[in-house]
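I'd like to ask some things about the structure below.
Chain IDs A, B, C and D follow the sequence of writing; residue 1 opens each chain.
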Amino acid sequence: MKLHEYQAKEIFSRYGILVPNSKVAYTDEEARDITNKMGGRAAVKAQVHAGGRGKAGGVKICQTPEEAYTFAKSILGKYLVTPQTDNQGVPVNSLLIEELAEIESEIYIAITIDRDARSTVMITSPAGGSDIEEVANATPEIIFSEPIEPVLGLMPFQTRRMTRQLGIEGSAARDIAKLMISLYQIYLDNDCSLLEINPLIITKDQKVVALDAKLDIEDDALFRHKDLQDLRDRSQEDQLEASASDQDIAYVNLDGDTGCLVNGAGLAMATLDVANAAGAAPANFLDVGGGATDEKVAEAVSIILSDPKVKRVLVNVFGGILRCDVAARGTVLAYKRNNCTLPLIVRMLGTNLEEGKEILRNSGLNVIFADTLTEAAKAISES
Amino acid sequence: MGILLDEHSRILVQGITGTEGSFHAKACKAYGTNVVAGVTPGKGGQVFDDDIPVFDSVEQAVKETAANVSLIFVPPPFAADAITESIDAEIPLIACITEGIPVHDMIKVRRHVDRSPVRLIGPNCPGMINPAAHCKVGIMPGAIHLPGRVGVVSRSGTLTYEAVGQLTSLGIGQSSCVGIGGDPIIGTSFAEVLQLYDEDPETDMVVFIGEIGGSMEQQAAEYIKNHMQKPVCALIVGASAPPGKRMGHAGAIITGHSATSESKTAALKDAGVTIIPSPADIGTTAQNILEQIN
Amino acid sequence: MKLHEYQAKEIFSRYGILVPNSKVAYTDEEARDITNKMGGRAAVKAQVHAGGRGKAGGVKICQTPEEAYTFAKSILGKYLVTPQTDNQGVPVNSLLIEELAEIESEIYIAITIDRDARSTVMITSPAGGSDIEEVANATPEIIFSEPIEPVLGLMPFQTRRMTRQLGIEGSAARDIAKLMISLYQIYLDNDCSLLEINPLIITKDQKVVALDAKLDIEDDALFRHKDLQDLRDRSQEDQLEASASDQDIAYVNLDGDTGCLVNGAGLAMATLDVANAAGAAPANFLDVGGGATDEKVAEAVSIILSDPKVKRVLVNVFGGILRCDVAARGTVLAYKRNNCTLPLIVRMLGTNLEEGKEILRNSGLNVIFADTLTEAAKAISES
Amino acid sequence: MGILLDEHSRILVQGITGTEGSFHAKACKAYGTNVVAGVTPGKGGQVFDDDIPVFDSVEQAVKETAANVSLIFVPPPFAADAITESIDAEIPLIACITEGIPVHDMIKVRRHVDRSPVRLIGPNCPGMINPAAHCKVGIMPGAIHLPGRVGVVSRSGTLTYEAVGQLTSLGIGQSSCVGIGGDPIIGTSFAEVLQLYDEDPETDMVVFIGEIGGSMEQQAAEYIKNHMQKPVCALIVGASAPPGKRMGHAGAIITGHSATSESKTAALKDAGVTIIPSPADIGTTAQNILEQIN
């Protein structure tokens, strides 16, 4: 679950990390008033769950309250398309109005999971303010990784190594070392999957300030953070993905036109690969899970059908925990409810296969059966 | 023989009285598996499915039944506790099926596993099976398996069944099948399972099914290149996945070049592994290799 | 550093652990008034840094405010001698006046360091309220140890095992399991060396309440607990040991009459053993440390001389970091300052030995020299 | 040969610019030890005692000087950091002299040591010395040592010097001397050092000096009973200590029967160890044993 910048900064503040003075505006008038109170100049930043908003025009340094008003008016209620969103973009419902800082230097700092080290890792770079993935591709030698041993926590020698790598000295180095320890504490306390500050700045008067803040909470750990659950902003999520997630269905919206319903994540990825190889780009990844009922399958198929770009549906089920008859009944249910006439290719195997086929045959739907993945691929490319 | 399991395996099911635990405990038993005990705190003294005693703790279960394999179905918030309880009771082999364990829990558990004499399979995995020993410790449909001499190892569930289904339909049996799990932090890696297969006299070759995310497949390629004696064929799924999106499995997410299907496939090819061209060709690729070595 | 019961209970309360309603009284009138406000009946407990106060008469269940007043008057300002104090006892300067609880059962619970497991360990027993060392000797099978892995913390299965071993069920078992997790957190957060509740009670209405509370903070970790440093009560400490500790001298008061000054803890213990074997019981253990100066040695010798039971002094120094001349000068200084005429046996070896001997020879003191431990033993037994 | 140290040992001193660190770094160097680098964060670039470069980090020191032993003098609040920094820089042998490290720090450090390819001696120890190699990594007075064939292992400082002094005064040289430290949680146990001596071709027998507190001496007795080939003589000090009182060393405190001198002496006697009757008899006891085996 992603948090907004202003939410993340509130948490940072509680751990003693400096952030610029700021206030959230929900209307253009609020944007003007807040900017006015800040002395007339401010950074006005769209609060969206997507990186790359700067390049996409989601951030503006405003020199007057009127400029803030005009910018707010132009962006609030609109959709912002960034390199990290789809073509539709994400809605801008709030703006963070922030005091301007006198920047001397900018740093990148993040914490995430390092699968190879099987631990958390702190990542730093002196290339703060840039797109870090571009930096990683172009100049990987200025990206530094520091794995953190869970039993020890982040050790002081590691913070010294990082400030050395970043080329920082004096009081700022000590402040950043302290900040790193606090960030690791935030990461642990809130069960984060990603914490990122880009940029962390050193001001001209040597203050260390988090100019941006990104905090993703691990979905699997949300159950123990009741307070954080309330910070979820559903407006920022892909609506199909969000409603699938509500029903415990793993769904990812893709660009193609072949809707796919599969049980199991591995088989679902394999199914996309097969569809792609057959020349039919998948419209989605969907894992309906093992313990699905008729109704859950129907909901999953309905999510697929509600996607306007879908031109055909492939159901690929290896009946084990999810029985073939359940998959068949759910699919038929969804097709009928939606009065759907799109081609339906079904490949089923395993438990209750014959019952499943029987249900589909008797459904009145135009079902194309496939026994193997090869046949399924062929049927897709021909439909 | 096969790997990990044999006819001496005595299975304990943690979370046996839950929906999933009870369903699969019965299915394992029906397959012929020696399910000797169940554990659900607070339900000790009950009897499950006529003859399986339920205990309050793994410690008591091991003492009374000499269980030596634990199969875990408890919900995510309690999974770290369940795994460490089995380690505490000196169970040498644990398969944790539970999906959705917080990764911070698994970081700690994995450190503890590293200093304990235990093999953990999973979490978020289908478990493992040895068809010849009639021993199934997991959620795979038993009926599709056939005793034989091909080892299967995969991250995920249904795709493993797909692989096994293709093998069995060609009359190719399996020495063992292991699903190591789809999470970022798991107990046993591909390379470790490959080594077990390499050392198993009843395995002739291995079918290895990886996916996008992380770099475990590259480590396996490294192992194969430097150590593996037996032929391996491999499939990496997820070529169609966009970067940064979690494809169901918590671990299946492209976060850098090495996490892509291309990078993994290239590493395996470089290690001399036969690449399976499409998910539809798992069985036939294995068949070709078997024909060559026989 | 030891805390008083009432200080420990304040910390317990902050972690959500139930303790009886209570208030500290420093005078007999306060004891009466507080007891009165509590409804006329209360447990009145001497706040001293010593176990076994119950048997020693330091705790009284008072049925009226007058009884509390009388008891307070009889004990406040006096010294309480318990099985764990020396013959002088410890001063009673405050009393904890506590509401009475309806006890259904009593449990012992503690956390300390397990050197073999190289971790912390939780120790429990159903024999709450008893002298736990007696229980451990008589019936070790009802003392249970649960080592805690630092990377995992105390796991729920361990709390379940412990409540099972204690024979507790139902809501009390769940409450105790929760309390155990809190206790471990208290132990970690405060760098404790010992945490003990004896007894932890289950009341007739199934509440879990810490009736007693003992919390020792690790001296070596006090530097990071400024708040806890203020809780030190020097009146409760052996005055010689406390003043030695202030000067970073390791000193333990013993029963004999031979004062011992040694450098190094191991050699100091060996010296006590040699003295004992020679039939001269040592008056103290004293390790003056490696980096001692003339003045520090003089302070150490003065501490020994201030102990009225000392009849002779043995100085045993292996000159390394502490040079023999420094040891000699410091000893002479102390003897002169205190106008001391007690026999002085000196055994020195190592760096600047000759200078040291010369200083002692020229001091005018009656010094008996020994070259080996054997000779030192002989000199002690003859002096 | 001796144990742990030899003529290839290249010593790095952490905390070299502090009072203790600088004093002992010079003393080690004067003894002939190859002190190649010092580390004090913030003082990198300085030169210590004419020719020893000081670095900001262990990593840099190792890179520039190929140091392979770390000797630590930093104050207690920073000691856990210093030890783990040396482990991170892949120093294989560390002696930590620092006294007064919080035990909770050492619990964590010890877990980390357990999963790292490092040997930690101490903390709160005098260090180690190999007289024949002129290599002293610690705070012992070098001059009292004599090259020879008796291994010495002890918990504490001055008592080790006493033992060495008695040996040397009888003309009995030492292959190595190791002080393992007086804290409740240390990096290397008696049993581990005994094993090193048993495997060292230049050690004929071992003088072992234990003390009250804990049960490490019993574990050593167990090791001697089951494995040790060479003769051992042992002294346990602290018979006169009252229970529950910390005798200087954080670890020297009687907290139960097994922590007493009687219990330890009995275990060692049972393991066939020659008991040294009094601290005054260390040298003569060793002499008797040497006469028997020669």
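Here, a residue touches a chain if its C-beta (ideal position, glycine included) is under 8 Å from a C-beta of that chain, and two chains touch if they have at least 3 such contacts.
Quantities reported herein were computed from a predicted structural model and do not represent experimental measurements.
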Chain D and chain C - chains in contact with each: A, B
Between the pairs A-B and A-D, the one where more C-beta pairs touch: A-B
Measuring centre to centre with CA averages, how many angstrom lie between chain A and chain B? 29
So, what's the distance in Å between the C-alpha centres of chain D and chain B? 46
Approximately how many whole Å separate the CA-defined centres of chain B and chain C? 54
Per-residue overlap in chain C, given as positions that touch at least 2 other chains: 150-151
Residues of chain D engaged with two or more neighbouring chains: 108, 111
Please categorise the chain-chain contact pattern as a line, ring, star, complete graph or other. complete
Interfacial residue positions of chain B with respect to chain A in the complex: 19-20, 23, 76-77, 100-105, 107-108, 110-111, 139-141, 144, 154-162, 165, 182, 184-185, 209, 211-216, 235, 237-242, 244-252, 256, 278-280
Per the touch rule above, chain A residues touching chain C in the complex are 150-151
Name, in rising order, each residue of chain A that touches chain D in their complex. 149, 151-152, 155-158, 160-161, 164
Touching chain D in the complex: which residues of chain B? 111, 114-115
Touching chain C in the complex: which residues of chain B? 41, 56-59, 78, 80-82, 84-85, 88, 108-109, 111-112
